[in-house]
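As written, the chain order gives the labels A, B, C and D, with residue 1 at the start of each chain.
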């Protein structure tokens, strides 16, 4: 199964591989216009909302004003972080779709750090501690899939998916423990204690929701961009493209794959910490909100480059924001996921055609 | 902190008075017939057959009764996670199109807490108290009392059908509010059918009808003769199991339960959010929105039981009389609340 | 030359296979250009040509896998509708393809039935089993019908393929390089089988790179170059003529290596047992190319693995310049062991990565400081690797998978030789290569030896070994049965050493 | 109720009879996936296909009755499978990416259409349990096997059919051949792409049927969450069963029975958190995946789609 997965990952890599910029850009525009037209038509047919309304509402909801833009960026932040981790892993042939579970446990790790430091600690210390703890928590939740892949050859695609399903119950259990549970008796759904005010990430764009967590994503993008130009990324490419050659070259592919899975899980954990400190402000079952899955799509869409991944994350976030505001017109929100799925499939199709050439 | 924990109890006490004394504020001007536009935000599907649908139906019926009120429902918000929940609140407030934003669900409260202060002229109402925001009103549900209603129905189901057996409580993921309901349920069963065994099973989700169906089937096999469930999309499965089993009776958890399976559901518990709407519209039209707290409970009929359905009257002819009695004495019932852990 | 180009038909009135004027274009590439040839009952017709000459393309056209741009095919005097495999099978044409023609996870019987035209919806498994046994006995090819193909030897697989073709009713079979993967004994056995079947009236079109086989077994020969027929011969043909026709002006036969003086003792193999190898002692000297021959499975692959450090010996030691090679390929590489593996795509190249990545794969520590790839350093290494065996096109940024097979092999060898290795272990380094690439590979390996390295070449093609090696070692049943100067023994002596337990 | 109930026959009869019903939709979808994987194509979109089948089935049943509904579900699933094949097999798009897209899109599409098509949820009378005369009176086997909705018999029927087709027919041989050696199969004149497309369509129809059996046959309605995690569990079980149909059915039954056990055991008050029970089927699937023999017997071409 390891080989199967390696091969698939190769294909993903190819799917993300490049040709000339202008060609790519112009085709991307054409495809985007095509999808948009199709979606507008579908919306019109099924819900009766006319394309003009759909479009204006969509644009307003996603980038219409400073608040909408900030919302889009806030949404893009964890998505970009998960996506960056997935990008790195995919290059090495590892497909980590366990982001949901890893985020949940990352959030638990982060909140433990916050609680341990207490409300007296300075913000910066809390933030750093929470992000580190989030990364550790996320990575910890990938240990079992990594070990199974390394020792039993179990596909990490399936094992991480199963870990997500397991995490749903685990999180509910954890959130009932006195250590985590919100003691407020009025709170009757599973959610953790609110984090102290000192731990909340500050807003960096007045009068909007844009919190400092976006800087973490930007830093991560810069880090990945630098990494991409380092010998380390060449080694990961070799591991992804031919583990046998890599093994002969002293690269220890199995260990590398293990490490990549853990690293991408750590990215998911960081995303969770940022989400906790900037948006949720307590551990909830909704903290992940599908980001763990969408992050992988973003990585595919972003063409395995850090900048591309972040751009794709912003695009997806805008899509979600716009789609949400469409609901005020009576368009079901499942249209958003539908569009995301179609976009990714179209990208895979485009990559396939490029490969065939 | 411990002071946080202590506070809500006090709030709740004053709240009861507020609710009882309504209307507290006198109308300020002649705006009584102003058209009102209300946005209702819900985390799950509007037709979940549970918590969300109860509010949707309540608001829409109240809007019909009001005649000058328009409701826009934004559903499934929780799909977008916490970010989506907050964005939905901000979106609605930002649009400026709504006189009132109803953020229905505990998951929406943090979003309200965060954004309500940014929009001081916008009226909000939500499911938990929010500190430091004068424009946020609150409504609370006494879940132990909902459960008590359910326990009453389940006990009657057993008594009136003359069966000898247990009563059942079929829950979802086992969330704290379900535990509260179960706490009330057990009190009522002890009250109305002393000594009856209560079998409770949580399927792990509100949404899986097959799992709910199989759970109910097993509960019947274990000797449950009267079953109440707290499922959402899962409840149709419960009623399928009920219909397929001889000699058992089932009750629903909202008026929509009867719509799901009118031949099976004999009566339901109900949380009538519609009761809240006249309070809200009056305050809005008076231009006097306040951080009031309203509680849906047995005393104000906010949580209650429905009339027996046609099927209910046929299966258990004495059911309606029992329900009438129960409602008449409801205001005097004493339901213990569940002690909080820790 | 005993035939002429403009004499397209043999004297037999009704050939089993008659290909007339076939042209095939892959997009803009004309792979076959007006090719005509025929196969008569009872003959082995050889088709030779360098890599890419179009031989396999012709096979695919005849098999109905490709619909040619122009031309026609007839069998037994009847036209065969083109582009459909079922039609060519129905016309009595069988094919043993160059690659991938059996499915390892299926049994012999299942492979026999797979794709058989007109077979019923429910598999006639027991009938087929009987057919294989009875028919196999009749034509003298016996295969266990219930064996998984994965468990069959290469020779048995070839036999199963031929049996399948004949069992499906073929009267003539096209064999695309059947002997490339066989040991010399197996190859001879196969060709003997063909000869015997010819006597029963079957005909064969035999594609091979091994000119010795052509000399010994073919009744007629057709030479393809660049998709055109450039020569036809019948009867005995001179090898040099064939080579000249195959490769055109570029071709030259490598001179037999001049005997040279051995350099210092560099590799000591002491009492090594591993896999088939049993208690082998060897001393290998710098500056010498050592050819290792043997029937497939005799232990020569185990010897290569042990030398390459891919596997630790069960007992005994291998020392290179006094340092023990421990079964760790990475340590071996850093001690100066270069490896040219048999399966290039699986073990040696990252096909979808660019040439530069493949060039630096084994020097990834040298491409810059930890935080930055040093582009000029990479270019320098990559240029060296490309230049060594003249990889074409000489570009750094195209995917390695985009190179032709010969150039891929040049890239691999260029990379392996880049760091002046002390020991080079090459498995089948020229297998399936066209003559210019094979020559480049041979030159590369010889120059490594000239620079003082021990070069060990394991190959199943004896001619190739004899062209390349200074010293010849023959392995049989895990023991060394011959160890001599490559110029000394005759083919017969070598052949005897390959099957005899006692040294010749 | 106390722990001693676990030693009664009733207890286990209930567990297994529940297990069988919970296994049916899972097993149908998994058996379909098995066909596709035998043909060398991994389709991660099983859950999405099930959802499409569940929805289409309800639309069909709402207008034409239950039987038609089941067929409509299967047809919709087949179309979805064919679409997957078109993208992945014919156009060479990456199977993992497209599969993931189908997993998400397949859940979103019915949810979107459902909102557009229905104002109130349609309600359908599903299949009821049928007591098979005589057999249902048997001890143990009677209550477990012979008092079930007839739909449960689809499970052995389909497994048997697949086992037969795969080993005994030329169609099955072709499917195995394209999964194990597409290049060789092509050289033998097997139309690889067509075989895979047909296999994936068949796979899709079984996943769609699985969804429809769930919505139309057993529950009587469609809801957005009706499929839950079943698609992913099906995927994992196919590998755990090392592509053997009967073993796959056994594993599905085991996972279903485990669910049944957890529902039943909750009321025994044995002091284990509910959440542990709820996670148990997934944990067990993971363990089976890790310690089954799966990977060794994988179709060789699986996950490395080549345009042979």
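The working rule: a contact is a pair of C-beta atoms (placed from the backbone, for glycine too) under 8 Å apart; a residue touches a chain by one contact, two chains touch by 3 or more.
By chain, with names taken from UniProt: A = Putative ABC transporter permease protein; C = Putative nucleoside ABC transporter ATP-binding protein; D = Putative nucleoside ABC transporter permease protein.
Here the structure is a predicted model, which means the values were calculated and not measured.
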| item | value |
| --- | --- |
| Most distant chain from chain C by Cα centroid | B |
| Intercentroid distance (Cα basis), chain C paired with chain B, Å | 77 |
| Euclidean distance of C-alpha centroids - chain C vs chain D, Å | 46 |
| Chain centre separation in whole Å, for chain D relative to chain A (CA means) | 29 |
| Centre distance in Å when chain B and chain D are each reduced to the mean of their C-alpha atoms | 36 |
| Residue list for chain C, restricted to those that touch at least two other chains | none |
| Residue numbers of chain A (touch at least two other chains) | 14, 169, 172, 332, 334, 337 |
| Numbers and ranges of chain B residues touching at least 2 other chains | 173-174, 204 |
| Inter-chain touch pairs (all) | A-B, A-C, A-D, B-D, C-D |
| Complex interface listing, chain D residues touching chain A | 42, 44, 87, 91-98, 100-102, 104-109, 111-113, 115-117, 224, 229, 232-233, 235-236, 239, 273, 275-276, 278-279, 282-283, 285-286, 289-291, 294-295, 298, 302-305, 307 |
| In the complex, chain A residues that touch chain C | 10, 13-14, 17, 226, 229-232, 234-235, 237-238, 241-242, 244-251 |
| Residues of chain D touching chain B in the complex | 1, 10, 14, 18, 21-22, 25, 120-121, 123, 126, 128-129, 214, 218-221, 223-226, 228, 259-260, 263-264, 266-267, 274-275, 277-278 |
| Chain D-touching residues of chain A, taken from the complex the two chains share | 1-5, 7-9, 11-12, 14-15, 46-47, 95, 97, 144, 148, 152-155, 157-159, 161-163, 165-166, 168-170, 172-173, 293, 296-297, 300, 332, 334-338, 340-342, 344-345, 347-349, 351-353, 355-356 |
| Footprint of chain D on chain B - complex, ascending | 45, 47, 173-174, 197, 199-205, 207-211, 213-215, 217-219, 221-222, 233, 236-237, 240, 244, 259-261 |
